[in-house]
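Labels for the chains are A, B, C and D, by order of writing; each one numbers its residues from 1.
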Amino acid sequence: MARDTTHPPQQTEDRPASTSRRGFLQLAAATGAAISVGRSAKALTDLPYPAGDLTDEKLVDMYRTILRIRWHERTQADEMLSNPDYRGYNHFYAGQEAVATGVCANLRNSGPRNQLDLVYSSHRPSGHAIAKGVDIPKMVAEMDFRATGMNGGYGAEMHIADPDVGFAGADGMIGPAPVIASGSAFAFRARGSDQVAVVFAGDGNYAAPHFHSTLNNAKILDLPLIYVCENNLYHQYAHYSLSCPHEDIATAAAAYGIPAVTVDGQNVVEVYNVAKEAVDRARAGGGPTFIEAKTYRYYNHWGAPGATAGELGAFGYDPLAITHFRPEKEVRAWMQRDPVDIARRILVEWGIVDAARAAEIEEEVKAEIAAAFEWGLSQPFCTPEDGLKHVFAEGTVPARQFG
Amino acid sequence: MARDTTHPPQQTEDRPASTSRRGFLQLAAATGAAISVGRSAKALTDLPYPAGDLTDEKLVDMYRTILRIRWHERTQADEMLSNPDYRGYNHFYAGQEAVATGVCANLRNSGPRNQLDLVYSSHRPSGHAIAKGVDIPKMVAEMDFRATGMNGGYGAEMHIADPDVGFAGADGMIGPAPVIASGSAFAFRARGSDQVAVVFAGDGNYAAPHFHSTLNNAKILDLPLIYVCENNLYHQYAHYSLSCPHEDIATAAAAYGIPAVTVDGQNVVEVYNVAKEAVDRARAGGGPTFIEAKTYRYYNHWGAPGATAGELGAFGYDPLAITHFRPEKEVRAWMQRDPVDIARRILVEWGIVDAARAAEIEEEVKAEIAAAFEWGLSQPFCTPEDGLKHVFAEGTVPARQFG
Amino acid sequence: MAIKSWMYSVLEAVQHEMREDPAMTWIFELTPPVASNPGKPVINLETEFGRKRVVNTGIDESWMASAVIGAGLAGSKSATYIPYQGACMPFQVIQNVAGKLRHKTGGRAAVPVVWIIEMTGQTPGFGGQHSCYEEDSYYMHIPGVRTVVPSTPYDAKGMMHAALRSPDPVVYLYPAGLRTLTEEVPDEAYEVPLDKAAVRMEGSDLTIVSSGAGMPGVLEAAERLTGEGASVEVIDLRALNQMDTETIVNSVAKTKRLLTVDQSYYTLCPGAEVIARAVENVDGVRVKRVAFPDAPPPASPEMFLWMRPGPDNIVEAARALL
Amino acid sequence: MAIKSWMYSVLEAVQHEMREDPAMTWIFELTPPVASNPGKPVINLETEFGRKRVVNTGIDESWMASAVIGAGLAGSKSATYIPYQGACMPFQVIQNVAGKLRHKTGGRAAVPVVWIIEMTGQTPGFGGQHSCYEEDSYYMHIPGVRTVVPSTPYDAKGMMHAALRSPDPVVYLYPAGLRTLTEEVPDEAYEVPLDKAAVRMEGSDLTIVSSGAGMPGVLEAAERLTGEGASVEVIDLRALNQMDTETIVNSVAKTKRLLTVDQSYYTLCPGAEVIARAVENVDGVRVKRVAFPDAPPPASPEMFLWMRPGPDNIVEAARALL
């Protein structure tokens, strides 16, 4: 959809409108306060530089990606809550969509394998996977353990991977993924490639000993690694302040001499911008960057306890949490700064699409996701004997359960 | 020996002499430059506060401890170089004596077990062991695998331990010791004891993932842990700058919000002072401290290659080092600021002992060490079957080598 | 005495020992030391003993495992609960430090600590990295550490008492799938030894040896085999290191037929050791081994449930031996 | 062809593969990839390939092991040399990540990496933490990883080629005590398979199975037994996982007597697996197992040398079986 550049968004300051793309965005950035929701929208006002290379198409794409992640989650949550035959599960990412989206929009997500940027994910992978461009129907099938799923039903949620789009995969363990990602970055540098490796890791990962290995070696060896710390305040039921002495985890990274920034993880353009700087630097041989995105998840740590079919988020105390839990009003407060809303408002306020078209896009995405679930959940179950395959590149291992 | 407080050391500045202990030491500290050797003795001039609680006896004791470590090493090196029957080995500590000595002089090294401060050492343990007060003859026997050695010949150099003096022991592995030491500190805090745990670890330990675990948990839990980083510039053959982005490793610790200082590791009083502050803080519940002692070892990483019987230090390139080595002139330069010389000069210049008495003490120590070797090397060898003991607290495990 | 769940029984033992010994500590990560049981008071170690003694750490099993070693060396009995996801994070420090400490110091160091290490592989759908029932083999090869794996709430409590009172370091494997078991468990403290197997059923035709999460399936299979007229002897290893050779050998000397059952991978599963000890000591034994194939556990329940040894597999393998 | 040392032979293979593949990397810590051999050019990978491809890291075996996994996932063949002191630091990431990657992704991920893991226990006087010859058991229980242990310079080179060309991750155990061995080794590239045992001596009375550092002692003992008139078959396992069952079973079916020899601790030493496979497949086999006791290796040479299985022990155990 064409954007009417002669129609600047409402202004709170008296500044001349500009028809140059760059100027327009600067202006748009400056007007953020006008469209903020509830709290001062640092997100839209403090852009470190205008997202000068963001075409309308890219902005719409990012909105669509955020919606895909959101509706994949909501649909899956509804399945979990109301379809007794559904066997999948998830560590929901709802609330954090702008992080994966803003970062991955900077990456090479298709093309020959040896050109792709690699994304390493965590136990909370479906948002990262969608942002990196995996086939959603196949992921849906995978999460319900179907033979034609993205990983043949071997992996399921916490272990999905799609090398074809450079999604190196989920890693269910806290600790190893960032170190392994740094190894990919090491390989890129060794072979003179301008690929970059990105790892998404939670605030919980900070305490793992691997955190030090990752950052120290990334710095020492000048690796094209982007460490995206999604600080959603909690690891499982514990607040991050219980295991981290820093208010900003980025402080820890800065100590190594690594460029480290914190960013409002709810605003996709802001995330995009800091990620762009990081990716550009890494591609140019400038070494690692640490990005801490301040964000929040709307569901509890795992699954859908506390959630209601048809509604976004989980409320009430997490029944799985015994001695620690997060306050319900904290969840509701964060939902006021929803990444979907913010992305939509950016599009509308910047005049890229109008509200009707934005709603239409959301309906398109909903339909796409519904179709993905329909396809995914109609796929065949796995063949038991296939469990003996893929241990090694060739052959099968012997069955041993029969004695 | 009585100190003549009316006879102040030579002064380079015009300051009134004081007969108060505190004043005297302040003065003495200020005069350090006069007794410096070759390079400006930051060591003696920059004492952060006067070593006000240091009695003459303690100062002499520290001198004696330094000498014990030194002569134990020199005697052992000579054994290695000229006695074909000698089987022991060492990672020599010569050059670093003031670090262990200054730190351990602040600790509780005798008394009931549940009052002792604990020292965790590294693969370079004999200096720490002597400073903590182990029985030297038994250690000598242990290092030559004798049945009556400190650890019955089971451990030998890199695995010695003496719980009776709170020497928790050497740990031949790089990484675990600091984390384990933090566990002792955790136990002290949990049971309301004012004991402290001290770990000595090399610059090489910085890169280990355990470094992060140790400091992070020490900070978060406010543990009475003192991490003494002996930065002797090299781990094995690699300069620490190859694996650490900080000029001062203390910077890394400071990032956690842990009080972190660097200290001239060649000056025992300066080490004593910073350690005192750390120990006092830890005992009072004030949490951890990181001390980086800048120091140097006179021998190569392991054993006596490059050394000559009867001479201190090893010169020429380490034949064990293939692609990396340290320059000989660096060794010689550091030997100009020898911890034995500096300790001796402090005693003499501060009027605690005169040069003749200082020399006499050295002779006493030499004799003591000679006797330790005589006793140690006349001890019986181990009984083969005893290898099956001490696997568990009770009993022996079966022999399995006979089929 | 009351019907108690596994976790309640275990925490009863821990609570008892912590009351006895004010220096004792407990370190956990995401499994709070809290349990309730019908008709019994809630146990919450964190609130009862306070956060100096009962600590919730960050996600750093290496620290947890190392910290209890340090606490032990400082003279404080100490235990930590390692969730299954981190089951091998502490491996090196247990293998190359803790297990060697007493011996390398000539008996002068004691490490009176317990690592409760969760094992899983009981939940279909949790595959790959989240489904490991393999630690039994890794940990039982370590000398100087007692590695045990109880299979009932009664043993779980008694072995926890024994582990916490032992002067030796203990790897106490906890097959998380057994958390649903309940049985009569005494309220008072008692010990179940850390080096004795249990004969769960006596018989003369065939010896079946298993441990931990393998036991419920073995007992079910043994019932069925008994119904078919076979006389089956069932041994629950309980102690993996030091293994109770005598109980195995006595049984096999009688039955001359041995079936081992493991949820661990086939190659070097505990059953391999059982078989080797049996045939080293008794001639003419016929053996079979049922185990998880040498493949990671797939997520798909269809694949996983087919691969994990169950009662049907055990019955069939037993029939082939009888 | 020339008489070459172990390390020279291995680095020849690495050098060859790195010349073939400009993306291949090598990560080391304190053992520089440098070797010389009489009459041959010095090999120095660091100077030849530069510090972008050949990296000397800090003391962080966890990073080294993980980095090669990441390199492999990025499509670069990669190898790392882990010194024996750090032999189990990378354990978790090999066990719970690398070994499971291909399977959990349904075959979509490949980890073409080699971890050269030093084992020791060959140097009397280096006890406790510095004397571990036990990793064979730990690593061979991991599915999805090929664990091998060559025992001759010829195999060392051929298996290094095979490992570097393998699409599977390979734990390549290197018994450092064998570094003094030399033999005729071809200059050109060749492969020795990663899943085949070698019959080192043929015979009909007794099968002796060992691997790695156990082999020189076994061969010496076999010579002596042959001198005494016994017909001994000697098998060098080479592949620990997947183990070559066929070669073992064929031999034992013939000899009906099996002696396993390991420097690993007795409980769950590789020999336990050999014995279990043998008796599962062949009835009426008499077995014996020689291994290091379940005790950490003491520093004292008197204790250590008595405990470590040597030719005398092997000869005696064999005589008792014959």
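The rule is short, and it goes like this: contacts are C-beta pairs under 8 Å (C-beta built on N, C-alpha and C of every residue); 3 or more make two chains touch, one makes a residue touch a chain.
The shown structure was predicted, so the numbers you read here are calculated from the model rather than taken from an experiment.
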Contacts shared by chain A with chain C include exactly B, D
Between chain B and chain C, the fewest touch steps amount to 1
Greatest centre-to-centre gap (Cα means) from chain B is with chain A
Chain-centre distance (mean CA atoms) for chain C and chain D, in whole Å, is 30
Chain A to chain B, mean C-alpha position gap in Å, rounds to 49
Rounded to the nearest Å, the gap separating the Cα centres of chain B and chain D is 39
For the pair chain A and chain D, the C-alpha centroid-to-centroid distance in angstrom is 42
By the touch definition above, chain C meets two or more other chains at residues 57-58, 60, 62-63, 89, 92, 96-97, 100, 103-104, 127-129, 143-144, 242, 288-289, 293-296, 298-299
Multi-chain contacts in chain B, i.e. residues touching at least two other chains, fall at 153-155, 159, 171, 173, 207, 209-210, 213, 216, 220, 242-244, 391, 397
Among line, ring, star, complete and other, the chain touch graph is complete
Counting only contacts in the complex, chain B reaches chain A at residues 207, 209-213, 216, 219-220, 242-246, 251-252, 255-257
Chain D contacts chain C in the complex at 88-89, 91-92, 95-97, 99-100, 103-104, 127-129, 132, 134, 137-138, 140-144, 241-243, 264-265, 267-273, 275-276, 279-280, 283-289, 293-296, 298-299
Chain B contacts chain C in the complex at 113-114, 118, 149-155, 159-163, 168-169, 171, 173, 176, 179-192, 195, 197, 209-210, 213-214, 216-217, 220-221, 389-394, 397
The answer for chain C against chain A in the complex is residues 30, 32, 34, 44, 46-47, 56-60, 62-63, 85-86, 89, 125-130, 259, 266, 288-296, 298-310, 313-314, 316-317, 320-321
As the complex stands, chain C meets chain B at residues 22-23, 25, 52-53, 55, 57-58, 60, 62-63, 66-76, 78, 92-93, 96-97, 100-110, 143-144, 146, 166-168, 242
